[in-house]
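Here chain A shows up in two complexes: once beside chain B, once beside chain C.
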Partner chain A sequence: MGAFVALGLFQGAVYGLLAVGIVMVYKAKRAFNFAQGEFGGIAAFCAYLLIVALGLPYWVGAVGGLAAAVAMGLLVERAIVRPLESSSRTILLVALVGVALFAIAVTVLLAEPVPRVLPPLVEGGGVDILGAGIQPQQLILLAVLAVLAGALAWFFRTDLGLAVLASSQDTLAARVVGISPEAVSRLVWGMAALVGGVAGLLYAPVGIFTPGFMTATMLVPAFAAAVLGGMTSVPGAFIGGISIGIVQNAGIYLLGQQWQVPGASQLSVFALLMLVLLIRPQGLLGKEA
Partner chain B sequence: MSATTLVLTRVRVRTHLGLVVRVALILAALALVALPLVFGGDVWAQRVSRAAIYAVIGLSINTLTGHAGQISLGHQAFVGIGAFSSAFMASRLGAPFGFGLAGAALAGTVTALIVGMVALRVKGLYLALVTLAFGLTAETTIFNWREFTGGGAGAFAPRSALVESDLAYALLCLAVLVVVLYTDWRLVSTKAGRALTAVRNDERIASTLGVDVTGYKLGAFCFSGLVAGLAGGLFAHWNQVVQALDFEFQVALLWVLMAVVGGLRSRLGIVIASSFFALLPLVLPNFLAGLPWQPPFLNEAVYHVLPPFLVVLMLLVVLRFFPGGIGQLLAPVTRFVKGAKR
Partner chain C sequence: MGLLDVSNLRAGYGSVPVLHGVSMSIEEGSNAVLLGLNGAGKTTTLLALAGLLPVSDGDVYYDGEPLTGSPGARVRSGIVLVPEGRHVFPALTVRQNLRLGAWTVRGDSRRFRQNLGEVYSIFPRLGERSDQLAGTLSGGEQQMLAIGRGLMASPRLLLIDEASLGLSPKLTEQVFEAVKVINQRGVTVLMVEQNAGVLEQADTAFVMQQGRITVAGKGSAMLDDEAVREAYLGS
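Take a look at the complex of A and B:
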């Protein structure tokens, strides 16, 4: 059981990292960003191309991957989000789902759907925590999540962060006081894509990765984490991610191992999401429902 | 005096011509459905069934997304639950075919009710999240529950003697499609349809008008689940074997895109887009592999991943340039056929 909790803690760090990006977009745009996972997917594939296929140094691959993610974020903002500014939230959501599927389809077309291995940031043996072998990469992930969540929570208290919130609450009033909603939109999507890219780049070396790996298994727990945290709270996303990871792995242990329920990991995430919406729809740290 | 009669006769002549053209258009559309059934043999009968089932699914999504403004990203779960229920009733309980379909519709409704009661209470598009999570759970847990679905081997769904042949089954699917189309048309033109429009446009204003927002959203979702379950029942007996693999979550995402490309609230557009999406993966790879000249970087494997790529590309083009989808493109034609003056 202890091992599962430890695994959940580190698995939860990835969810938290994705959830932070989801929360950023939701705070600024009131939109569920279903493309968040694919920012990480693009970053991982570009890094793989640069590091493994072309044999360039690791830092070049990392920077290239992050740059690709940010470029994708800005492209999505310019080509999809901005033209749909005046249409309904429903249509925007469908469009973002379309973006995620498009990114997956492009990676499948360009790179064959075979499993790949990206070398980890730090080589070396695992650490034993509560009986679970934790890779150094996972320790880095948790640390990066803590730093990023702290930095972004602070960001929303700066003038720039307040400008983002202002433009989300009333675009016209924000424009009157000299905030450019277009620039804010670019900033938010670029930052969300950067966070997503970091998540993909750090998570890909933990196991093997295939096209769509972030969306297929990570996106739903990440959304559950964001909802649990309150959808508008960056520290909430951090706590939510870790909690979801632990609940999911406890579920795998209790339901999957003890009772042989198939699909225990998905089931426990779904059950937790339903419980949160039933009991506390505004989440742990959310200000409104 | 003579001038007036001339005008009148011209008007009369034009209306007659218009009527002829209209009837010809409708007949041509019907012939487009009938031709593959009459001349295509079993292969095309199966394809027409598949297209009709997809159209029913598209209309199910239309009820939820088009009318109520909510999104389900796990619709494959409702279709799958319908399919497995119908297969379970037919093969394990030996129930008559009609009961199987009714059971499928009921299962879809009840599932939608349970999921919707939690997710639709909360303002916003939380239903999209919950259904996505539910779809993944259904895919891995419910559809792998051995007693209910036969585990990985799948469940058998035999057809009854009356619809044994592929042609008869295609006619059944088309009949169900017609019923669903009729229901959708009635739904829009009643009080419930107007209430849903109000909810879709602005929940707050709708509630000040006395519309029970959560109730109508839940009702639309349950009806959507009913139709999806029914489509699942048809799908089960179409293939005669149901497997968990048929209901992966990507399918649901493509279905939502399908309804949007067809044009939300446009019945004709959705039927056309659904048929197109149903047949694309069957027809395109064979067509491309049969071309005399093969592009150098393409091969059989690529042809099979091409359909979803094309679908998404179509979605992005539709959203960007004509948000009303195929229905918007066809609007002048449908307006002419209906005889509306504009």
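Take a look at the complex of A and C:
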């Protein structure tokens, strides 16, 4: 059981890392960013291309991967989000699902849909935590999530962070005080893509990766984590991600292995989500408004 | 030459022209008012001056220089709009709203404290409610916040659009009184109003009809002017 909790903690860190980016976009644009996973996808593929295929140093691959993710974020902002600025958020949501599917299709076209291995940031044997073998990469992931979540929570208290919130609440008023909502929009998507890129770059080496690996397996639990945390709270997304990871793995152990319940993993994620939302409809750290 | 000189300004929304050549001059330090019926083009004039609406023709000189540039650049140069309908940031606190008012002068913490103190002295109510969300304030308090937020940018020319809209006569009087104080402290003010009561304190008044300034003169003299009443009551 302890091993499952430990596994869940580190699995949850990946959800949390994605959820933090989802919350960032939601706070700023009231949009559900279904493309968040693919920022990680493109970062992993570019890093793989530079490090494994071209044999460049690891840091070049990492920086290249993150740069590609940010470029994709800015492109999505300019080509998809900006033209849909005044459309309903549902249309934007569907468009962002389209971005994710398009990105996956492009990776399948350019790189065969075969499993690949991206080397980890730090080589070396696993550490034993509560009986589970945890890779150094996973420890880094959890630490990076904690730092990023802290930094983002702090960001929303700065003048720039307030400008992001202000732009989402009243665009005219933002312009009136001298804020450029266009610049704010670019900043938000650039930052969300960077966070997504970090998630992909750190998670890909934990196992093998294929086109769409972030969207297919990580995105739905990440959304559950964001909603669990209250959708507008960065610390909430952090706590939500970790809780979902732990409950999911505890569910796999208890329901799946002990009682042979099929689909124990998904079942426990959504049982937790429904339970929390029944008791606190605004999520763990969400505000009423 | 005034602080603001507008000549033959034309602007509109898309292909619909609203301003058909607006000309007016506002002296530095004056308390000016722009009156007119609904649809006369008063708000359009302010939006064009604030850089929020493209101008199709005409010249605007501010402090002797041609006025161009983004809304943000204009705020930085001292032209600050208090928009119609208040437009406070509803889910931010009063204090956060005021912090964003100082967006163009952010980083200048001395000026921030000074301006904040001034806003709280003019509107003590805002000081009492500094941690309250702006969306939960009353209409009058939101109007005070919108004006206070404008003051945080250290304006030279404050454009106030229909501050009295939806306010009780008593609150309207309070807001007008506050604007008078702001003007006395050296800020040039241009108020757009439908409430002719503002003429009592205005030293300069313009009447707008169908996208043009049709009457200009002293505020007090205009109070019993026939042309004003005609423009105003539409009779």
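Convention: the second predicted complex is superposed on the first by the 288 of 289 C-alpha atoms of A that agree within 3 Å, B and C clash if a C-alpha of one lies under 4 Å from a C-alpha of the other, contacts with A are read in each partner's own complex, and residues count from 1 in each chain.
Just so it is clear, a residue touches a chain if its C-beta (ideal position, glycine included) is under 8 Å from a C-beta of that chain, and two chains touch if they have at least 3 such contacts.
The model shown is predicted, which means the values in this text are computed figures rather than measured ones.
Q: Is this a clash or a fit when chain B and chain C both end up on chain A?
A: fit
Q: Now for A:Asp128: first (chain B), second (chain C), both, or neither, which partner does it touch?
A: neither
Q: By residue count, which of the two partners contacts chain A more extensively, chain B or chain C?
A: Ranking chain B and chain C by residues of chain A touched puts B first.
Q: So, does A:Val176 touch the first partner chain B, the second partner chain C, both, or neither?
A: A:Val176: touches chain C, not chain B.
Q: Determine, under the contact definition given at the top, whether A:Leu109 touches first (chain B), second (chain C), both, or neither.
A: first
Q: Touch test for A:Glu85: chain B only (first), chain C only (second), both, or neither?
A: Neither: A:Glu85 stays clear of chain B and chain C.
Q: With chain A at the apex, figure out the C-alpha centre angle toward chain B and chain C and round it to a multiple of 10 degrees.
A: One gets 90 degrees for this angle.
Q: Quick one: smallest Cα-Cα gap between chain B and chain C in the superposed arrangement, Å?
A: Between chain B and chain C, the shortest C-alpha distance works out to 16 Å.
Q: Counting contacts the way the document defines them, which residues of chain A are shared by the two interfaces, the one with chain B and the one with chain C?
A: 289
Q: Which of the residues in chain A end up touching chain C in this complex?
A: My answer: residues 159, 162-163, 165-166, 169-170, 172-173, 175-180, 287, 289.
Q: Which of the residues in chain B end up touching chain A in this complex?
A: 65, 69-71, 73, 118-119, 121-126, 128-130, 132-134, 136-137, 139-141, 144-145, 200, 249-250, 253-254, 256-257, 260, 301-302, 305-306, 308-309, 312-313, 315-316, 319-320, 323
Q: Spell out the residues on chain C that touch chain A in their complex, using ranges where they run on.
A: Touching chain A from chain C are residues 50, 52, 70-72, 75-76, 80-83, 87-92, 96, 99-101, 103-104, 106, 133, 135, 149, 153.
Q: Which stretch or stretches of chain A touch chain B in the complex?
A: Checking each residue of chain A against chain B gives 30, 32, 34, 79-80, 83-84, 87-91, 93-95, 97-99, 101-102, 105-106, 108-109, 112-113, 216, 219-220, 223-224, 227, 261-267, 269-270, 273-274, 277-278, 281, 289.
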